[in-house]
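Read through the structures below before going on.
Common to both upcoming complexes is chain A, partnered first by chain B, then by chain C.
Coming up: the complex of A and B.
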């Protein structure tokens, strides 16, 4: 179990992490979702030991690891750009850790070869060992980077946007494979990503990092349907967040959130009186294939989005620039207390 | 379909051929100045030197009757063969010394200084000595190394020695020191360049896999910087093998390099003999570069 306790990291005047409390349980695929610049990579670098926190403690299975040199931490790190050794072959890349680690290096060539082959097989690259790393494709490089890390049997694997450099097709295939590999090994993965779909697909648990803190850490379906605060809701890219004062009916003040797919649209003045509603102007629509997004502008300028599924259309024909009533079930809204 | 086909007149060239022709013309135009220069100032003089090395040398003049006398005298003289040996020995020692002194400097600038501006500033600082003339840089070693020089005075004041050290100046030692200082920067530059190109995350990855700094240096940094060492070695080799000025001003005429022989033979109008030494020197330099290029495939690495 990896535990971060009140971890802070500043760069000059800028605060990257501001008292992060975070737990990655044993045998879990943890996805860490955050916008670019939110400090995701910094967090991983602190755990791996490439940098040290200004404050706070990091411990693995109860023992403190901050302050330890990174090559003795026994933590796997998969880099966004793969960071393969350009002068070595695929097999030499994978065997590097076994052969050259400071703690208990392997000297038996037969054993090194067996474990290298097993690792390459795990990532479906059997037979690629003799190739140079510049002679394989991006997806294959990704797997080599993964095999190189996994072969050392680290106590936890950190993946820094591991799919960012791959094209969309490859990305979805690697998603499944990463999950399967992790389940086979039984080791925890901490996967950092800026894509909410990736985080929700991959994670047994998803944590949202914003403003230098962990905003929420929950199972993906819980997080998606019950975001605990406005920041978490914003990162899921599925919630409209607006001021309660815009709505008809007594909803009080402060930010509230309603999911894109739970808002209905009717002509101006025809919203059912039992449902909370607000007025907004239709801006434009966006066709995405199976779904269509419609954009509205509320009276105070807030942008609102409504999702319509092609198989079950529920929106009327919309005219750009015209006002409509947006309404939703009273139990569909999430109300956040305290700071937004 | 008929509307889409256009008839091209068969007697003219296709656009692809025209374009290829134009590209070839441009390539030739770009090559011409270099080729002309090399022909006029390298190939022709080289041929001339080889030709002159077979001329007949009398005490004060030289005539174009062909003979191998100069070659025979050169290859049977202990002095001249000794000069070849001295040249090679000094070359090897200076090469090693520039690597030993230059590599750590390059490692610091290229890898430990992550700020690009500071990197450039430090490299420029390495070049500052070159703002004075070559001769001044060499001669400046005299007040440093002489019997009354800075090093001897300091060591005597500190009581470490009681007699001035005489091997410091006008010896092979002073030539080695002078050449190492002058040519070191040609080693630092290329190595820094190669080290600067190493992706820092590759080093972090090695560390994450459990390798200590020593191992990372041996297994990752050193192999990736070797092409830089090779390029630096070629620079240093070419300059050291053709050297004469440092030896002339710091060795007190005790160290004779092939370059010094050429200078003194030309000075006494022994053109044929100087030509022989010149050809031998060129052969040695060519062999050294060929060897270096065999060791590292620069086209692949650069």
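Coming up: the complex of A and C.
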């Protein structure tokens, strides 16, 4: 179990992390979701020991690891750019840790070869060992990087946007493979990403990092349907967040959130009176295959999005520039107190 | 349209420029094949390799004494080698240090670079005076050696700085995260990757030290290095044997370059050995 307690990190005047409390349980695929610049990579670098926190403690299975040199922490790290050793072959890359690590290096060549082969097999790269790392594709490099880390049997594996450098098709395939590999090994993965789909697909648990703190850490379906605060909701890219005062009916003040797919649209003045509603102008639509996105602008300038599924269309024909009533079920809205 | 005129013009210009650059070298080479009774000027009275034989001591006794270059050549090579090793090691170490900002890194940078900027005559003279004051005997392996290092170390440092500038730090972090100690990481990851740069730094240091003149002139003491010895022979009279020697040293330099090129090639091709089908 990895535990971060009140971890802070500042760069000059800028605060990257501001008292992060975070737990990655045993045998869990933890996805960490955050916008670029939110401090995700910084968090991983602190855990791996490439940098030290200004405040707070990091411990692994109860023992503090902050302050320890990174090569003694026994934590795997998979880089976004893979960071393979360019002067070594695939097999030499994988065997590198076994052969040269400070603690209990292997000297028996047969054993090194066996474990290297097993690791390559785990990531479906059997027979690629003799190749140079510049002579394989991006997806293969990613798998070499993974094999190189896993072969050392780290206590936890940190993945820094591991799929960011891959194209979309490969990404979804690697998603499945990563999950399967992790389940086979039973080691915890902490996977950092800026993509909410990736986080929700991969994670047994998803944590949202924003403003230098962990905003929420929950199971993906809980997080998606019940974000605990506006920040968490914003990162899921599925919630409209707007001021309650915009709505007809007594919803009070403060930010509220309604999911893109739970808003209905009717002509101006025809919203059912039982449902909370607000007026907005239709801006434009965006077609992206199985779903269509419609953009509206509310009276105070807030941008609202409505998702329509092609199989079950529920929106009327919309005319750009015209006003409409947007309404939703009273139990569809999430109200947040305090934090904006 | 434009390139139809521009390209040939530029090509011609380049050829002429290269000829101008290598003109002296070519003249020297031709004159080195002068006959025994010929002088260091045109016309060639008769083609011969007499002056090469003379240089290497194979010719019969003649009115011209043999060039006194044997010992000084050895000295220069040893000195250049010593300088290369020390400058390159220092250059790599300080460039490594400059990868992270530290207090006083700005002044330290300029102090290092100063070594290649200050006029050689001044440093040479200064070193001579200093060694006199301190009572240290001047010698090519002592006072001159120090100045050679001061002179070549900035070059090695700058070469390595450029190499580290493009160096991807994450491969080192990857190595650390695999449990490999910083020292082993340097040996197994950093050094192999920067090795082409190290070779370049070595080449720079060697060639700069090998024909260094001004700094050595004041500090070499009694035993001369090669450039000093050659200069010494000018004061008597010039014979084509000095040209023959020039050709031989140039060949030596070319050999060094070829070795450098081969090492580079061998090293850089290693990373992309495999060629074949790409698949996902």
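Criterion: the second predicted complex is superposed on the first by the 340 of 340 C-alpha atoms of A that agree within 3 Å, B and C clash if a C-alpha of one lies under 4 Å from a C-alpha of the other, contacts with A are read in each partner's own complex, and residues count from 1 in each chain.
The rule is simple: contacts are C-beta pairs under 8 Å (C-beta built on N, C-alpha and C of every residue); 3 or more make two chains touch, one makes a residue touch a chain.
None of the values given here were measured: they were computed from a predicted structure.
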Exercise. Quick one: on chain A, after the overlay, do chain B and chain C clash, or do they fit? Just give me the call.
Key: clash
Self-check item: First, second, both or neither for A:132, with chain B first and chain C second
Solution: second
Exercise. Report for A:332: first if it touches chain B alone, second if chain C alone, otherwise both or neither.
Key: neither
Quiz item: Taking the superposition as given, does A:315 touch the first partner, chain B, the second, chain C, both, or neither?
Solution: neither
Quiz item: Should A:81 be classified as contacting the first partner (chain B), the second (chain C), both, or neither?
Solution: both
Quiz item: A:100 contacts which: chain B (first), chain C (second), both, neither?
Solution: both
Practice problem: Using the superposition on chain A described above, determine whether A:118 touches chain B (first), chain C (second), both, or neither. | Solution: neither
Exercise. Look at A:185 in the shared chain and tell me whether it touches chain B only, chain C only, both, or neither; answer first, second, both or neither.
Key: neither
Quiz item: Comparing chain C with chain B, which touches more residues belonging to chain A?
Solution: C
Practice problem: Could you pull out which residues of chain A sit against chain B in one structure and against chain C in the other? | Solution: 48, 50, 70-72, 74-77, 79, 81, 83-87, 96-97, 100-103, 148-149, 152
Quiz item: Residues of chain C touching chain A in their complex?
Solution: 168, 170-171, 173-182, 184-185, 188-189, 192-193, 270-276, 278-280
Quiz item: Which chain A residues qualify as touching chain C in the complex?
Solution: 48-50, 69-72, 74-77, 79, 81, 83-87, 89, 96-97, 100-103, 130-137, 139-140, 145, 148-149, 152, 154, 170
Exercise. Please name which positions on chain B make contact with chain A in the complex.
Key: 199, 201-202, 204-212, 215, 219-220, 223-224
Self-check item: Complex contacts: residues of chain A adjacent to chain B
Solution: 48, 50, 70-72, 74-77, 79, 81, 83-87, 96-97, 100-103, 105, 148-149, 152
